[in-house]
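Next come two complexes built around chain A: one with chain B, the other with chain C.
On to the complex of A and B.
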């Protein structure tokens, strides 16, 4: 067996030397990670595939010359071949995969085979020319901040150019060699305490910890020498000495770094005969389950909590084998990013408490989707088994959420199972709901909507609505003659004319370039935890200054609390406040305005004052636009792009027909008591109590929909689980309703409705691309509104309960009971 | 079984299309002659009339009128005769007859009302399920 690339595949190859492979040769690959076998054949003529496979059943050999000896040796391998030959036939993709596995070196089984043939390469030279370089690990791209400062190092014989300041481990990653590690993480500071990354560097007396050693020019790094391998085996043996035999009951089994690396790099037997130590478990809250006996003291969680999350909750106590990670003061981890330590921990010491003992990772189907609990649009992977969502994990997206997601995103999935609407219902005369069929429900709604005058029809899109359904709602209501449709959260007279007035113009990743922040009426820690993490990263990295205007709040970075209301804004605009100097001297000032201000009466006045501040501090320039609006809900940006702006501000008080598409934050008191309210949504939340008819819709994990995040990047969710009961997709319900009402909408399929969106807001269809705003706010006319001096209020009271899914979730209820600061 | 009287016997092969056609028409005539007995057996007085049942039998035969292969026609005729024998010897029950011959092949009466006719494919699929 030949050990190939780190932990990924083990190649077992029989047959001739690679260079002269002919028809009928076989390569059998065992993949460690997934444990599946495939038996691939390299063949020149694809037409001979069947024949070749038939050959390989019985004889491995290739040409008449080697039939005898090679066959005998090869038949011992053939037992596996019989097993494997029933499996996948080689296809084009298999073949290309095979051709890219350069690292498999063939084992020639007999001396005759090696000598009797004529090789293309005549005699082995003492120093074979190094083969072509491999691509960097995981397809990473290397950024050279200073192209002249590139160093050349040699990794396993390949020479690579790395930027100055990179460590040996990073240089090896660029060279395509994945070095095993436990304590090193690319986004955290370097600890160097696990010693698994030891590699041999020429002319050093000991192997070096590659994660900590900077790469010097001309270094010759060797990662596969016996010394390096022995070091890894030794480290693994030490780590496993005190590690409990918990694999069957540990949730991390199947995705455990320790398991994978011990299979790939560990020795096959241990020599430990004493008693293992055990550590008492710590209580970190209702989200993180701790089994501290499994901890290998890599300190990734400690570094994450201090650096990224900004809370200094965790620490290492004691020394030597008595080291324990914990909070010491019996504090719970209240940070909103605390769930990320679950991903970071390489072993099963920190795992997800709601997910404990629910499933193994190989049973789960991962679907790439987008989070909708806030406006950031973090990329997630929904792991589901059958019809149930079992957990949510982050996906890497450098621009938006890096590798982290907030606790609300991670743990709201159990709200998808409770309080679901699954059948259309009509409220009878006695006030109770009765289940009806779709046909009857749509007929009832159509009758009512045709009787009502156009000016009395109102439509409100909810905070979790996708772009397709909002487009359908607006089209339908426009065809009925009404233009009173808006998205909740945008206020009653939103300004959708200039895109720069409601998106984050610098982008979430662009915030890293800022050096002064002015937060106006926004608490990023509860409104958009990933944006807050980015601000914190900038504060730590660039020593950025943060000035905050709003109610007293704790942000996990140093900030100056400038004031609580518009008075401070006026002072800043007029230049009287001491913070103005910081703004004026900044190279890239950023102003972040919260969308909670949309609800205020004097929002135009406030925005014009902020624009004055922006003009004075030169926040908006051709090369840098630092004027950002931080939205609260996932549907707001797309709603404003699609033009969901109501005609009249108080249409709800005179409405006779109210169509709520998942809108739960609407104040139902304002709706007149004789209005007919239709609620189309997936959870029976607050508005259902007033609804006259319920139409069940699909939640974000069950539909394919476009969501635009607060920086203007449109992304789409994909269905991970089937819809519940008789629920339908939102836009399909509106399309069916329009047909029953006689004003049939012109689209029948997802492609057709996206073509309709293309005519309104084509940027919504460029997936995963951020569309910057074209015009800045300087085009706006002056505002004549008077500004009221009431202080800014917090936009979100309870971080854990903001929308219908989180309000229905038991985990979120536990969190808000235990983890919120009172 | 003393009750088993085979009303119509069918010899196995027809020599030509003409002969097959004659046999089918003979079978139809026999069936129409038995319709009053069938209505009596299954108490279909309120439910159907003779002419309705006759039209439904005729419609089913007409559905296969495009065939030209005598063997296929013979096979279908055999099945029809078997079905007819089953009905006449009361091997079926009332709800079978009503469902298969009175109400027709289009489905239940309340489904195939005037409501559905103007609906597009989208709406029909929408009523059935979310995935189409």
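On to the complex of A and C.
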């Protein structure tokens, strides 16, 4: 046997299981030398070799030699060392109960191993094949940033390769073993204070908290031993000591980590006879309900608030049994991500206030959909019961929202059942709306639209419109002879020619690679909370610098406020600003331009200045495109992809027929008083006051529709609940109207309209895939406009109320009343 | 089965006996005040609070002990300084001031101040008397001493006397078990400059009352008795009446014979 001088003796090569440590089996020490494994001159048994082959698929990148030797059953030999060791070695039955401490490892020299005498002593019965390895927990993937950093650990006897620096718990997850845990959360820092994840590691005297212990080469982790089980049972008993027995009235019931894990590790009785403690409930605002007596002090909420949300309000106060989570001085949690503490709380201490006592989670039907309240397109699950949306939860999407969603996304759902339009209505002579049938409504609209001149027809898509309906609207208006159709928020002179000029070219996840950010006229915290969370993550993780140009704002990370308007931009473009050096020295600079600038008259001039800055700082390179536009509304990107660009910028002033497809942010004062206004939408919001006729449509929770988010990733919503009243899908209404108006659109099904979209913007049909822009913005012709020096204005005044759904929501109204600073 | 029942009953009886004492302080398990702040006229975040100009130098000195990017390490010494300056207790505004100095969120300071029981977050007297209640002192009669103090001053635990001079609290072991029972007097009457924190050991119920009266009169104990053991027959932690053993000089340890090795 060769033991490398410099190499470490890294492990034992005995059987896969403890049971194989029996008499007649040898043990040898392996050493690691120059990256290879060296063994003594052992003779391998044919049966073991075949077995090794059968299970070799588990090993991914090991050398054949290594593979054989690790899985092989160690050859047997007889020698003095063997005899001696037999006296002191515990028997196999003892071994399974004793901890590894009691096991004495015999070291046997190799010559005997190969001697002829040893052969007859070999174990005649071959091992039963081990059960097949389990798949990783929740599809956990291993990414080796540096293949040399891979280490091998054994989890319950299976070998797994993990990158250096991973914890024991993560290694177990890769090996397919789910370790119970309360305080550990993969996106938060490690606290190690719940002690639920205890496992046994060979050669350690005590059980180890696997979430905080780094995996070391050759570590033998045992997760299902009596010791580990007993340790977890002990921890569970302590946790349940002060936990109230109020599961029947707890909103977390049914999705509670403590409940689930107490089924595995809890006892049906406790030995604690003292009085349980009680903790004063805290007021965290209108979204998060607290029952602090249920808290098990895992500190996930404290770490989330500090690390992800960036509001250092929560803390762990007191000590010992008096310890509690709180804010000390009473304070509401003023974060736009506060709802996520509901998800990460493993018990019922933090639950949703609007959802309190509304339903049990097993009564709900979950529909995987996407969010439309901002341009991020967060992945959500809409939980509904019957016709009612009861709550919205995030879905994991590493590229977009990770596993968080903003409060607006999570709590806007009560707006879906208020202020809804459920019947077609016509405004009578007395100014009051009268319910009519669909047939009558469509006939009236068709009559009016056929009477006006084509140039006087205007169509505006709202910020919540899906791609299908915008396609139908554009097709319908084009067939009527008009091309004055656009999407609100894109401005009247949008630049839809180059896709790179209006999407986030680096992608939301790609922002993590940036090291310097320049935010131009955008306040990501209110415009796109999830993008802001990414920027914050990058600032925290990579010490990225952030420069911000725009009105004073409260970004929850360190940033330099460079200026308030175009003046600073010019300084940056001319290289006169101190921030220029930061941009120039950056490896991956990222510029984020707010879509609020689309509404400015001089937007082309601003964009050309920003492009000059980008060119100077080498923001757009073949390997990195950091030129980003952060859109505000869910419909914007798809509208520009579909070419919803008005023919003339002031068509609205001369319009005689205005078709508003859910557009509520249009300045209705510009519309002439004799114009006929059709409002097609789901909420009785601002534009309804001016509408002559109302066509009720379906909201995003009730229809299947494609939305493209700000990074150019198209995703679709799915119907979770039935439509309200007599409402119909948007595109179907326009399709029906076109038939009544005599210009029948050639699609009758969702498939057919998507085929039509494919001819215009095929990228919209690549669902859940980010389609990067093909051409860079540098192809744009030079701009000759003059830039005005008026300061940038905030694009969104009230984070909680940005569209017709959130404006109808009572919860959002409460939030804006209590959480926004006056 | 019956035996187990009897044992459980006995445990309950003992517990009852233990809890029956000290009915005057219902919150026995918590040594300090609540873990959350309630606004009051003398303690709310709107009150201005600043280190005095003399203490500002001290703050600078304390901060110089730590690297400039680890300013938050100074939280405990700064809270202590703030407490001395503010007459022995920390209002919220003082904690906010400390947070500002070390550039962390106020909650990080609250976490520390609530964790350590020697940071008082409610008002204390100019002389804060702390009775050690850990086992050796308890066995040697610390409860009687506390009772004597409370009775003499006419207050409950953690309450301040009407003249604002005294308050009584409990603390954990201060390492004077050899001279148990003991009390500590934290003297905040002269601000952070004249702040003292003295042990009075080997006290008796009679003696603590005398000490209180001495403090009230502003007198000092004879040097021999101040601070330290109050038993005149003992020297420091030596036995009463002089040493009974180890009377000679200790023998030096034998020197190893290096040549033999």
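Worth a mention:
Definition applied: the second predicted complex is superposed on the first by the 691 of 822 C-alpha atoms of A that agree within 3 Å, B and C clash if a C-alpha of one lies under 4 Å from a C-alpha of the other, contacts with A are read in each partner's own complex, and residues count from 1 in each chain.
Everything that follows uses one rule, which is that a residue touches a chain if its C-beta (ideal position, glycine included) is under 8 Å from a C-beta of that chain, and two chains touch if they have at least 3 such contacts.
Source: prediction; values computed, not measured.
Room for both chain B and chain C is found when the two structures are superposed via chain A, with no clash between them. Using the contact criterion defined above for the overlaid structures, shared-chain residue A:280 touches chain C, although it does not reach chain B.
By the touch criterion defined above, A:728 reaches chain B but does not reach chain C. Chain A has more of its residues touched by C than by the other of chain B and chain C. When both complexes are overlaid on chain A, the residue A:364 reaches neither chain B nor chain C.
Once chain A of one complex is fitted onto chain A of the other, the partner contacts of A:472 are absent, as it touches neither chain B nor chain C.
When the shared chain is aligned, chain B comes close enough to touch A:739, but chain C does not. In the superposition on chain A, no contact is made by A:183 with either chain B or chain C.
Contacts of A:605 after superposition on the shared chain: neither chain B nor chain C is touched.
In the overlay built on the shared chain, the residue A:315 is in contact with chain C alone; chain B does not reach it.
The least CA distance from chain B to chain C in the superposed model is 54 Å. Across the complex, chain C is touched by residues 273, 280, 282, 312-319, 321-324, 326-330 of chain A.
Per the touch definition, chain A reaches chain B in the complex via residues 437-439, 698, 722-723, 727-729, 732, 735-736, 739-740, 744, 748. Looking at the complex, you find that chain B touches chain A at residues 115, 119-123, 126-127, 130-131.
Those residues of chain C lying in contact with chain A across their complex are 11, 29-30, 35-37, 45, 92, 104-108, 110-111, 114-117.
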